[in-house]
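Take a look at these structures.
One chain, chain A, appears in both complexes that follow, with chain B as partner in the first and chain C in the second.
What follows is the complex of A and B.
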């Protein structure tokens, strides 16, 4: 007669119970969900890029970069005037925003008492959060009403958008410069400004460039402030006088896309591609500077 | 700092000479009369915290005075009051009198940068300027004083010889100061300090991050430096105090317990607390 009662095997200490299995599954699920989210973000970027490239392709040729727009109904022409105009607007805006932004950061990080520096930091964050259409309306009320639209008005509006980006990133970078270096300078009897100039700024240079370049990339595509300050321009070709409204890429994209002509639509896509390519290149430049600076500070 | 990388830099730039030879070729310093520091009734605070409590002390010219005591007793704060670095810390302040010879460093018309030029400081962690070459590091204080051209070059070379770095770096003065080894970096910082020819040198645990051989070199250097300078050195290491100092101050809880010739502090202290500290019973 055989023994039918079988003793169950002792529970293994290594496989874990139901509770452990459940935890493992939750872990897997969350990993999957977050991976999916990351893939969606990448896919959106890829879709936008691919879409732009496909739609821009018919309008892309050398003329597009070297010729000015042609009157409605004719074919051909390009956006040379907008490229030049955008370069001038971005250049003027950056010439204002970058030095002021870096000086603000130097003030808050190196000179201001903490009582003053944290409100300034907060104010910059607020300024950074102001919708750019509001900045545009502000400059419109201040400089355009009673005068005309002008490159100056557009550049100042862009500078207001750029300033907090440059200043906040410069603050972050300056805060990374080790205190021991400033102390070494102080102990040599150097004055604060000299320490800033000879020790702090060279050490932080890479990071400062990164912040400035990211500010440039950001304002390159700003449309709202320019619609109000530098959007009414005659198609007379390249203008370099910031006293009048300057043609520029974002507004040109907007205008071309409103046109009934399919050729204009293709040109709008091509102009969009130019803008995206510019931002991409500028961001890559910023990254290299950033890495270089991090290495230097880490040493 | 990546040590491996540093070693590679050393090897690649100076393949024939090892980075740290066993003996330093050091140039003897011209003797000069040092200057005395007299502290009278000094009090220092971090916000509300009273870190230095009414200290009075004198550091004799051309002597090395070591300051020992347990962590947090105020050693570093005390030396940082002497070159007025203490007040650079937010909310910190100091009051009292510190005389350099006859002049009060805390006088109302005194310029703090002038004080720091007369009283140099070497820090715990070597802090060469990372963007500057070896040469520029040593020259950084001189340029400010308006010393340029040949006389600047001469002073830089002389300072590097005095700290025994010359033979190790003379072929790569234009390479970055942070490419040197830890001990070399600290001697570079000492060269930077003596290049401006201060009257007093403060050292805040200058060897605590160095290996024994590099420490020995810095200690030999301190012995040499006192021919010209008055030296105050904060140290955690009692053997170091015994090796380099002519007199030693024992501090506890913001006060001076005892200031006596080094030999007396270690062999025949007059205060029971000093004896317990130097024999390792506490601290």
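What follows is the complex of A and C.
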């Protein structure tokens, strides 16, 4: 009732004024641009994935998974040989990289003094930063020049790429195992290696598995090391002998993508869909599982 | 009597403590783990040693002049890396130049702006970009991005910016510009992931202080998040650069693989990594192969330097 005389309030320093308006507009602009940047990144991901699915659809059928490639010019055929070859290469590489990677992590986290473990971590980071084509050239120079390409050469090259990934993630997981558990083991008079095998590893098992799986997902798409070590195939058809070059999905996509034939392109897209679906599903599942197992370890 | 009955239990305890399995297992397991660590460290030295050894004949023939020499001619067996070093740095630096501001903005969005329930999903999706194998990005680059560049983006850039030499000349589906864009897509998730973590660790009291002074959200970011995160961002950018410098497959698919230095981004070019991937099969045994491995040696040195610098920068910030 007392506020009957409606005099307009004096221009507040907080809400009015050209300077304040400008500040607010700048804020709105930058927040808008930030949102836009995030949208662009998501749009690129969506665009690439949608293109893959659309382009892959025509070539994708049962034959694609069960038949071998046909000679250039003929239609039909599949990538059965590449699927088998990739499985062997990744299996061999992981059989080398995963145990060694976990042992490295056990060494740095459980046995080595900080003076030693810190340089090893650094070395793993540096190894992880070596371009994969250089890893390929290393194995090419070591095992291929003067000999021939082989599945073994390819698997070793992949293992070198996989090792630092597995080791670093294993280190992070092992670091989460509570001290109190290990101290309980020590109090019972257990030796360190028994503590590692009986207490640390079983506690960290879930996290170690997902870390290893992420490493597998990462090398599944690696092309550069295989291009130099396992890309020239003597015969069309399923090969299971790692003594000779093994056909594999990444190199197949690479070769088909460089071909001028649209039919080869269709095959390349279908192979890309198989690979990307494997990599994305595996990494998504491993990531979600990872979060959960880490929380469980820490509890 | 009493002393005789007291000693045996102590000895029995000691015996139980070091069983045979423990006496062998403990050192054996330690040695096994130590050997694994040794393998990891030795690998780096072995890689460097092998690559310098196998490039020996090219190094002794061309010396340091290799770096400044522009020809790559398998017919005359005359090799030089200048065009490829140029291509490597131009493509990577331009990609980083685009990816860095985007990554910082995305990190701001993810840490300050986005509704809480979508922060994690969006962050995971952006990082999934890094999980797409490079050969697939390259395939996409050849078949989707290339024609789009030639028919739409390059004419568009040309119509506005033709006075800049970068955007002059004829359009082409394969060339420096698509390579830059593909590398941007690959570097972006790496830079974003680290920058986001750095931003998340900003002291909330600083942020609240900025708000208390009446700062808008952007002003708060500029006053607190960006300055405290700067070293971390620098580390992230250098790591992204390392990734871009070493990418071979996707680049070789879209860059056109011509060893030349052209001002125009529309023209084909080559990078060290892409050149190795493109020409190792046709390389002449001997000097040709050795020169390719020389390229790998340069690439290894560059990426080692870049990665060591990045890790040191990130470590220093972590300690603070």
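Note that in this section the second predicted complex is superposed on the first by the 261 of 299 C-alpha atoms of A that agree within 3 Å, B and C clash if a C-alpha of one lies under 4 Å from a C-alpha of the other, contacts with A are read in each partner's own complex, and residues count from 1 in each chain.
In this section, a contact is a pair of C-beta atoms (placed from the backbone, for glycine too) under 8 Å apart; a residue touches a chain by one contact, two chains touch by 3 or more.
Given the structure is predicted, the values throughout are model-derived calculations rather than measurements.
**Student:** In the superposed arrangement, which partner chain does A:68 touch: chain B (first), chain C (second), both, or neither?
**Tutor:** In the superposition, A:68 touches no partner, neither chain B nor chain C.
**Student:** Return the chain, chain B or chain C, that is in touch with more residues of chain A.
**Tutor:** Between chain B and chain C, the winner on chain A residue contacts is C.
**Student:** First (chain B), second (chain C), both or neither: which does A:203 touch?
**Tutor:** It touches chain B, and chain C stays clear.
**Student:** Looking at the overlay, does A:135 come into contact with chain B only (first), chain C only (second), both, or neither?
**Tutor:** second
**Student:** For A:227, select first, second, both or neither according to whether it touches chain B, chain C, the two together, or no partner.
**Tutor:** In the superposed model, A:227 contacts chain C only, not chain B.
**Student:** According to the stated criteria, A:187 is in contact with first (chain B), second (chain C), both, or neither; which is it?
**Tutor:** first
**Student:** State which residues of chain A lie in both footprints, the one left by chain B and the one left by chain C.
**Tutor:** 189, 191, 194
**Student:** Contact residues on chain A for chain B in the complex?
**Tutor:** The contact residues of chain A facing chain B are 113-114, 178, 180-181, 183-191, 194, 198-199, 202-203, 205, 296-299.
**Student:** Enumerate the contact residues on chain B facing chain A in the complex.
**Tutor:** 1-2, 83, 85, 88, 90, 113-117, 120-121, 123, 125, 127-132, 140-141, 144, 178, 189, 192-193, 196
**Student:** Considering only the defined contacts, which chain C positions touch chain A in the complex?
**Tutor:** 16-17, 22, 25-26, 29-30, 32-37, 39-41, 43-44, 46-47, 50-51, 53-54, 101-102, 105-106, 108-110, 113-114, 122, 124-126, 128-129, 131-140, 142-144, 185, 188-189, 192, 214, 216-219, 221, 239, 242, 245-249, 253, 273, 276-277, 280-281, 289, 292-293, 296, 299-300, 303-304, 306-308, 310-311
**Student:** Taking the touch rule as given, give the residues of chain A at its contact with chain C in the complex, in rising order.
**Tutor:** Touch residues, chain A against chain C: 14, 23-24, 26-27, 30-31, 33-38, 40-42, 44-45, 48, 51-52, 55, 99-101, 103-104, 106-108, 110-112, 119-120, 122-127, 129-138, 140-142, 145, 160, 163-164, 167, 189, 191-194, 196-197, 217-218, 220-224, 227-228, 232, 250, 253-254, 257-258, 265, 268-269, 272, 275-276, 279-280, 283-284, 287.
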